[in-house]
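Structures for review follow.
Presented sequentially are two complexes of subunit A, the first with subunit B as partner and the second with subunit C.
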Partner chain A sequence: MSKEERYIDTFKYFLLPFCLFVFGLFALMLAVYFSASIPIFQHEGIKIYTTNIWRASENPNKEFYGVLAAIYGSVYTSVLAILIALPLSVSFAVFVIDYAPQKVKEPLIVATDVMAGLPTIIYGIWGAFVLVPLLKKYVMDPLYAYLSFIPLFSFKPVTGYSYFSAGVLLGIMVTPFASAIIREAYRSLPFMYREAIYSLGATRYEATKILIKEIKPAIVAGLLLAFGRAIGETVAVSLVIGNTFNISPSLFAPGYTISSLIANQFGNAFIYKYMVSALFAAGLSLFFIGLAVNILGILILRRYGHVR
Partner chain B sequence: MSDNLNIRILKEKLFLICIGILTIATVFPLFHIMYSIIANGLPVLIKGGWSFLTGTLAPPGDGLGGIGPAIVGTFILTALASLIGLPVAVLTGIYAAEYPNSLIGRATRTLLMIMMEFPTILVGLFVMNLVVLPMGSYSAIAGALSLAIIMMPYVAVYTDEALKSIPPKYREGAFALGLTRAKVVFKVLIGLARKGIMTGVLIGIAKVAGETAPLLFTAGGASRVYFDGLNRPIGAIPLLIYNLVQQPYTNYHEIAWGASLLLMIIFLGLFLPIRLSLKEVKL
Partner chain C sequence: MMIAKEENNIFLKQSNLKQNYAISTEKLNIYYGDHHVIKDVSLNIPEKVVFAIMGPSGCGKSTMLRAFNRLLELNEKAKVKGDIKVFGKSIYKMNPIKVRRIVGMVFQHPNPFPHMSIRDNVALGLKLNKLVKSKKEINERVEWALKKAALWEEVKNKLDEPASALSGGQQQRLCIARVVAMKPKVILMDEPTSNLDPISTKKIEELIDELKREVTIVIVTHSPAQAARVSDYVAFLYLGKLIEVGSTVDMFENPKEKLTEEYLTGRMG
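On to the complex of A and B.
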């Protein structure tokens, strides 16, 4: 083939713009968050992330915003969610793959898939009207009554809307998602491993202990991605967290998360000069936390060959 | 020796009981949610009757009225989002599948996965800044745009995987006939992969039909007017539920339960047939 006749893949050049459009969209998103945050950075600098003050005022000079409480609440509730999701999702994966009777295996997996896809507002209304009163009556009130000397339980659960409620609801929501990743990794372990372990006379408990060690990276990745989901969740959390500027170690105290702060305050933010910018800056922090956690999770999955 | 064995067997029994209980604990909330939604929502649907589906929102504290505008809004938003999002998504998916080892192909796959996990409220805020501020009003088109951005990665990833799962002999056969790459993809491969692509489309639709956060500051919500033009605010079922739950009125809570039951039926109606026809899904 001579040089003039070299094959040009026109198809590739036809598709390329669409691909680049998606990249452009993502880059534009980042650019919008940066540029919209600039006014607040000029107004108060890094204090937007390091203080817990929310002072809206007609007079722009008196306005001051610090979203530390929201960042704290986001991390706190998501960590709670992960602590709940860890035992549940690993047990579920192991039980469904190795020990569940054939008949219930598939229904169990379908049930968790439905849970993973269920509109989050449905978790929200259930959380606000059903879960919170239950948690308050059977968990928070007794713990407060008998163990309130421990700082974790020291806040009197007045309404029940709290970090704890949000963490439990998020835990329920992200467990199916984490367990889907862990399940796939656990399923893909070669059958030979199981045969070898059992041939040594191991009990099922001992066999599982060994097999679980093999999929540790997938468990870490699954929990990281679940953390990313939890921290980005908006409506379900905002209905159960209490929406209060508060930084407290106590589980039963109300708080804010970044996304619920945005959902709650954005509607009336335009009356003030800097509030919109402050909320975009809060969004920017969520942008980076989410991005970091998700990239790390995806990298771990790739590194260990569990492609998702 | 036999004591040791007994302890090991005891441990095994305990272990099996433990993970059995934790497994039940994992799925139990689903049944509790379904029970709560049906127990609270069904009486509302029965009491409200046909007009619950067609009427407009009742005044605070006075009866049920209907959620017609929200239902219409959800269908319009979902349809518009598909119209905007699907072409880009399918073509991006084709690129990732056709050029899997190129730099852009690999980067695209990673980007799609990141976008799948991206907080949806941030997409809403982004579209708000880009569309709502210049237009000066919440609008159906802004809502549809943010839903399109959220739907896109699902459809693209499914398209990519559906194309990659086609046995290479079909591709080779098509090329051997002397077809160009475009013809190979559009005339041969897309046809073979249509089930996988359709699955992605339906999953994407099921996903965005239930989204609330990206609509908060884009669609704006409308509960007393039906469709009023693309540049006017529009309602959606999830958005309506979110707003009603936060109101202090009992009748609004009842309407929210009724709307939740309807939303759950729509979601299950879309999702269960797909899920039951497949081995696994990505959400």
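On to the complex of A and C.
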């Protein structure tokens, strides 16, 4: 083995500690969340995840916590966010790359990249003071007035703070993020595929339709990461979701999410014997939701033949 | 530098002959930004022959080829001056989509859509241009095109598998089938074998020989040997200028220009 080869070979020993550090952090956090959740599991078992009760009491025997409403709210609002972000981010990416005049292309990209990096409280305040009243007046009230026989719209929007508001706000927040990933994938599609599709007599619209199919894996990946951001989002969501222990299929009903629950209850949790543990258990569920979403993503990608 | 002269050369003479050329260019100039890539090329390409455009790398042959089906327009920096006629009609007076239907193209890198099935790849041009309507007709045309491209026997049992499952040589024949399916009158080939092994190359060259009975083939190559093997006529391009054009046999036996001779004997290129 030459000196150079040995150098390349030893490089892995240099990299290994960093790899172990990153993985170790993950393992350690999981361990901490798990061990901190043990008291609540001993107290009430799996019911922490299967019931919707939030009863704090000075008497530990009367304490009872169930975070089902928050889990439901987290998943519900994040799915809404993805449904909104999918068309927005794909259309935006295609427009910027294929249609935008050269002069506005870069400004558009910079603008969305800045939006992707804004602190979420910025979105939260805008959401609470601007978006929610608008949505209530122009979307929720009319839908409730005319279509309230559909369960989705059956809840009377009193304040406007609801799953719907949270979902729309999250959708807007994650769009620049998902769009950046989709845009870069679309941009880096080899030029030979563009030539191929145009040489077959495609119009620009037809070419876009075919080319976008070639980046399906990037779209899935972008949306998965966006889902991760949406489900982890805390402050902005707690400002617009209503923070109510509630499980309802209706879009306009208020609810809770795991992260907003933790943020709201954390301050006084130390007063009670089991509440801190309950909040850790709530956090632990996010690990499992994250795992489930990632597995789902791998399965989808495998269907396209990109992961073997 | 000597430039090919017009006298007594049918490939250069301007429209005074009634014969309909598959492609003819008139004072074609192409620029990439400030770079003058193709300089004053006037050329006639007869019907149903294999016409090779030969020259060293960077002489502008691929660029010129892309002008013939207006694919060059995908590149915002490219500018074309002069005229190009396909069967006597200026391509700039036609819809580019129609030009590309008549003038098909095969590229240097095999570029079927990797996640699309073999069948859908061949049917792509048909569907885009609505050339055939029923599913049955599409399947028939796909089979016909794959047979023309000498690929049918190898893929007939896996038409619904993705194109990425094929080897490089097979993918290139798939690209040929994709073009042939649209029944174009001209097929442009941009160094179609430069990324293939010798056996795949031989198959493609045999295919070219087969196809020229029905279509005009314009093939770009940097290899004089390939030009000699496949073409009936050849044009030699050097630094964007047309140096010499004529029948392949004549040019290889008796090149008129010194540059051509140097290129053919391997002293330049």
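Criterion: the second predicted complex is superposed on the first by the 264 of 308 C-alpha atoms of A that agree within 3 Å, B and C clash if a C-alpha of one lies under 4 Å from a C-alpha of the other, contacts with A are read in each partner's own complex, and residues count from 1 in each chain.
Just so we're on the same page, contacts are C-beta pairs under 8 Å (C-beta built on N, C-alpha and C of every residue); 3 or more make two chains touch, one makes a residue touch a chain.
Note that the structure is a prediction, hence the values are computed from the model and not measured.
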Handout entry: Contacts of A:K216 with subunit B and subunit C, given as first, second, both or neither
Key = second
Practice task
Identify which of subunit B and subunit C touches the larger number of residues of subunit A.
Solution key: B
Problem - Which superposed partner A:I172 touches (first subunit B, second subunit C, both, neither) - result: first
Practice task
Could you tell me if A:E58 is touching subunit B, subunit C, both of them or neither one (first, second, both, neither)?
Solution key: neither
Handout entry: Partner chain in contact with A:Y33 - subunit B first, subunit C second, else both or neither
Key = first
Practice task
Using the touch definition from the top, say if A:G232 reaches subunit B (first), subunit C (second), both or neither.
Solution key: first
Problem - Which superposed partner A:E195 touches (first subunit B, second subunit C, both, neither) - result: second
Exercise for the section: Return first, second, both or neither, reflecting whether A:S89 touches subunit B, subunit C, both chains, or no partner chain. Expected result: first
Handout entry: Touched partner set for A:E206, first subunit B, second subunit C, both or neither
Key = both
Practice task
Starting from the residues of subunit A touching subunit B, keep only those that also touch subunit C in the other complex, and list them.
Solution key: 203, 206
Problem - Residues on subunit C engaged by subunit A in the complex (per definition of touch) - result: 69, 71, 74, 76, 97-98, 100-101, 104-105, 107, 109, 111-116, 124-125, 128-129, 162, 164, 175, 178-179, 182
Completion exercise
Within the complex, subunit B is touched by subunit A residues 9-12, 14-16, 18-23, 25-26, 28-29, 32-33, 36, 87-89, 91-92, 94-96, 99-100, 108-126, 128-130, 172, 175-177, 179-180, 184, 203-206, 208, 225, 228-229, 231-235, 239, 259, 262-263, 266-267, 279-280, 283, 286-287, 290-291, 294-295, 297-298, 308
Fill in the blank from the handout: As the complex stands, subunit B meets subunit A at residues 8-9, 11-12, 14-16, 18-20, 22-23, 25-27, 29-30, 32-33, 36-37, 40, 87-88, 91-92, 94-96, 98-99, 104, 107-108, 110-115, 117-123, 125-126, 129-130, 149, 152, 156, 180-182, 185, 203, 206-207, 209-213, 216-217, 238, 241-242, 245-246, 253, 256-257, 260, 263-264, 267-268, 271-272, 275-276, 280-283
Fill in the blank from the handout: The answer for subunit A against subunit C in the complex is residues 102, 190, 192-203, 206, 210, 213-214, 216, 304-305
